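What follows is a pair of complexes built around chain A, which joins chain B in one and chain C in the other.
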Partner chain A sequence: MSPDSATGTNQLLPAVPLAALFFAAFVLPLAALVVISLFRDPQFSGLSLVQYVRFLSDPFSLKVLTDTLWLGAEVALATLILAYPLALVYVASGPFMRTLITFLIMLPLLTSTVVRTFAWIVILGRDGIVNSAMLSLGFWQAPARLLYTWEGMVLALTQIQLPLMALPLINSLLRLDRNLTRAAEGLGASRARIFVTVVLPLTLPGAIAGWLLVFAAAATAFITQTLVGGGRIILMPSHIYQQAVGVQDWPFAAALSLIFTLAVTGIVFAVGALSRRYVRGVDAA
Partner chain B sequence: MRHSLIDRLYSGVVGAISGLGMLLLLAPTLVVLVISFTGGITLKFPPPSWSLRWYVELLQSQEIIEPALTSLKVAAAATILSAVLGCAAALGLARSQLKIARLLDALFMSPMVLPAMAFGLSLLLVFNLLGIRLSAATLVLGHTIICVPFVIRMVGASVQQLNPVLITCSLSLGASRWYTFRRVTLPLIRRGILASCFVAFLTSFDNVPVSLFLADARTEVLPIKLWAILEGSLDVRVAAVSGVIVLLTLAGLVCAEISGGVSRQIGSR
Partner chain C sequence: MSLSRRSLLTSGSAALAAAGLGWPTSSRAATSIVATTYPGSFDEAFRAVVGPAFKKTSEGGVTFTPLLGVDQIGKIQASRNAPPFDVVLFDEGPLIPAITSGVLQKFPAEQSKSFADIPSAFRHPDGYAPVITCQLIGIAYNPKKIATPPTSWEDLWKPEYKGRVGITGLGSSLGTAFMVEIAKLNGGSETNIEPAFDAIKKLLPNVGAIAASPGALAALFQQGEIDIAFNFWNNVALLAAKGVDIAFAKPKSGAVVIRTSAQIVKNNQDPKAVLDYLDTVMSVETQKGLEAAPWVMMPTNSKVALTGANLTVAKSVDDLVANNVLLDWTKFQPLRGEWITRFSKEVKI
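Take a look at the complex of A and B:
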């Protein structure tokens, strides 16, 4: 291939239409979002940072933000605990089991979010599976409230986001040099010890990649948050939606969504950068 | 063996948790399918009796069928747009060493990183400020942006695996650029394109954060409609819709798997 600059830029020509579309329908709107967040009130009567001050001095909004980030962190941790054994079994098994696990992971990934959330409404509802099982087994005297609780929401999100954690972990484990675990085995280490001292440190990048994916997905999961969490648990996505569509306070909604975006992507980039700096192991990508 | 007890305990824990994980992955889909055949009028599980009444009811529910058709149309349009524009861009960017190519690649991937709600809201505000009325077209525009990253990644990966010598050969043997593209490049990246179309379609069909702001009363889409129904009441018709979606997705997955190995394409991301 000729390396001269003329053909170099010519090669990029096919990317021009998409670049134009992205400029008009992605870059420009986001720039507008920043500008709108700087207006003093919904009537656009003057520029100031008042929306950001309003957010920072409002304990309710601050709590909504920290709750949302905490939800993401909690769900990501829960998926990590579930996904590691799943990935270990995947790597250790034969072709049939691998196809089965791949299918099980792909199934929820491809099924609509509303459908998956609906399934959890059926499972956790008053007459749902958990309640009827516990009642008929005699463990509970009366149906418990599982839907519209924080724990129910974490459980549902954990299942819904599990594939996002399992895929990078499996990739990471597949890239692990088997000679290392065999060497540890040969030197007499127990399997638990091999996991803690060899497998875990070397697949940590995959775990962190999965953790970040699930964190971002769970924090922004509007449907599951509103339907399983219910109206009393208010998190950033529904807060933004309320301000934008319900109250029609666009400057505040714009500021909220920018703060939320910065918080989520900030954490993703910071953790990603820290892990690249301090964690050595096989790459998940 | 000194370690046998610890080893057995470790295997037990790993086995138990992975079993639980697999059950968790499968259960909700099964639950949805089972409850959709209930004869009762609530989401009571296990169903008190069996019937197809909710599917019959669904066939008569114009207010659900119409959003479903809108969703299918919007998803088809967004898939075609993102596939055509995304493929062209992926082919252009794949072999370029220029800095601007990497910048563009990062730009095209960024909808994946950014919380989609912020993007949906920003589009709504811009359309409003410019006086553009919300319609199916504005919705397709938003969905296209959300779908592009999948096309760029998956088609880009296919292009990376393509041996450039094949193209040089074809050109040096006198084939035109267009003929080379049609007969050499396209067949070799076909699987990547098909897999990315499959994922793009599902992404658009399932999209909520963008549709939430851009779908107006006339262009209601299915996920938003179902969300609105479920927020108001626990309507069993949603179970029938879910059953249909699950079965169609399964059928699509099987077709895509046979024609191009989608799971491998997605798994290798």
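Take a look at the complex of A and C:
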């Protein structure tokens, strides 16, 4: 054995516990999921691909999948639009403001999702803050339905997932060479033009990273989807739960889980690959 | 004496192993059996009343694990020889697949002290453990918004409740029992759900919210999102006691009764302790404790008199059985899977 490979093994040793945990708690269950999804019926009699055929030939399930992916995309776009100004303010601020902004961004991460989601129920409810304010100011004649709607759910998820977008974006902006914006300024470009032609393209990798994080998190946010979306809006996480726990159809629930996992990771990889191929930002430089 | 790091590690990991993996510990004499409860007030009531009562009569104790009915079967099936629970809780519907899956053991009625006091409607026809409490389904409404208390299920369809009705799907005993009862009242039966789906589609203009679970349905009253819904008597009584504007009306066709039983798991740690536990839960004394405020759980022991809020829905345990609706879940439990999916697809607002 050469000394080099010995060092290599020794360096890998500390990673063994994590790898073992990952194998036991992720790889094995995933393998079990694959096996379960191949059974013909809930009684586990015989193997077949019937669950996948069932999914692909069921317009309801297909619509649930596309709705869920669309929700992830919408929320990710909304957080992107809100996070850019925030990140720009952060970069332009002094050390004290920066600490304050970081603290404010991190604050929601320190409370449980259930609590953050419940706050949205209180805000969006019929007797909630929004409705009472609009009614007492005379803008609305009758309380509007905000809770248990698609828009309400997008709004709540946008706030809840915002930190996942803001942090990579700030990181990207910090790495942006200030000389580039100064040069553009010196050449007489307007602020809007600097943002569109210099800042935006160069920070795109951060924006895409944030978009992917929020996309995956929002599409799979079972708690918020169920509490703010209610029983009316059926998305993949609640569809899987219903099939597994309510209907007790484990093979179909397993197939749904795998299809959903593949769809989300597929999009994440595809967007990631495309951005590496076509986007040249601060991180690629 | 100083503790060495080694001894600390060994004892620590042994304790971890015993706690985490459920390996039998050496103290076999004072077994603590594990019983499941339903999350929420049910769990609180069992910890407050049943736990201390069992401690008095037995050498060991009982550890409560709050869990939903359907989650229990999977966990027992995953480890049939050393099941994680000794006593499990089921509503009538989920009890059926649990029996079919063969994880439950029959109830030794002849050895039980409390069995004689349980009326026949609460005894299992095939000899499994009897019903320990039941939940009544009626109409929950906001008395501040609805001046005349509703009197029948049809009231939910009144045009004046446009956008004010809350419903929940067939994933729960609550939604399923409601749909079956509506089917029966509209010319259907326990196997013919068609009239209920027709009726629920006609109800849609009135529906303000479709809640994901019975708990969420009750919470919608607190948010002022809905004013009227079918719901469990127990949920309503607990919310009303907390000051929420909610009241309960028993429809004239009778409330639907959901029977909840505590069942014995095969290969449990200690059959005698398990039987003692069930006897404790069914005993007059324990059931009196569970029946009293703040728990207001319906007793199933006919010697327990109803008091307080429970008296507003039934005169006695016998009256409860005689004048309300019991459903035969064995007829429609196999159809539920299909109904759940159909509800998600067809009932949209």
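By our rule, the second predicted complex is superposed on the first by the 277 of 285 C-alpha atoms of A that agree within 3 Å, B and C clash if a C-alpha of one lies under 4 Å from a C-alpha of the other, contacts with A are read in each partner's own complex, and residues count from 1 in each chain.
As a convention for this text, contacts are C-beta pairs under 8 Å (C-beta built on N, C-alpha and C of every residue); 3 or more make two chains touch, one makes a residue touch a chain.
Given the structure is predicted, the values throughout are model-derived calculations rather than measurements.
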| item | value |
| --- | --- |
| Room on chain A for both chain B and chain C (clash or fit) | clash |
| Chain B versus chain C as contact partner of A:I234, first or second or both or neither | second |
| First (chain B), second (chain C), both or neither touched by A:L30 | first |
| First, second, both or neither for A:L62, with chain B first and chain C second | neither |
| When both partners are placed on the shared chain, which of chain B and chain C touches more of chain A | B |
| Partner chain(s) touched by A:V247 [first = chain B, second = chain C, both, neither] | second |
| First (chain B), second (chain C), both or neither touched by A:L180 | neither |
| Partner chain(s) touched by A:V279 [first = chain B, second = chain C, both, neither] | neither |
| Which of chain B and chain C A:A83 touches, first, second, both or neither | first |
| Which superposed partner A:R145 touches (first chain B, second chain C, both, neither) | second |
| Partner chain(s) touched by A:L47 [first = chain B, second = chain C, both, neither] | neither |
| Clash-bearing segment of chain B, relative to chain C, as chosen among 99-107, 117-125, 225-233 or 243-251 | 225-233 |
| Residues of chain A that lie at the interface with chain B and also at the interface with chain C | 121-122, 125, 127-128, 226-227, 245 |
| Chain A partner contacts - residues on chain C that touch it in the complex | 68, 70-71, 97, 163, 168-171, 208-213, 216, 219, 223-225, 336-337, 340-341, 344-345, 348-349 |
| List of chain B residues in touch with chain A within their complex | 2-3, 6-7, 9-11, 13-18, 20-22, 24-29, 31-32, 35, 42-46, 85-86, 88-89, 91-93, 95-98, 100-101, 104, 107-108, 110-111, 113-119, 121-126, 129, 141-142, 144-145, 148, 164, 168, 202, 205-206, 208-209, 212-213, 222-223, 226-227, 230-231, 234, 238-239, 241-242, 245-246, 249-250, 252-253, 263, 266-269 |
| Residues on chain A engaged by chain B in the complex (per definition of touch) | 1, 8-9, 11-15, 17-19, 21-22, 25-30, 32-33, 36, 81-86, 88-89, 101-123, 125, 127-129, 132, 158-159, 162-163, 166-167, 170-171, 188-193, 195, 216, 219-220, 222-223, 226-227, 237, 240-241, 244-245, 250, 253-254, 257-258, 260-261, 264-265, 268 |
| Sites on chain A touched by chain C in the complex | 42, 60, 121-122, 125-128, 145, 147-148, 226-227, 230-232, 234, 238-239, 242-243, 245-249 |
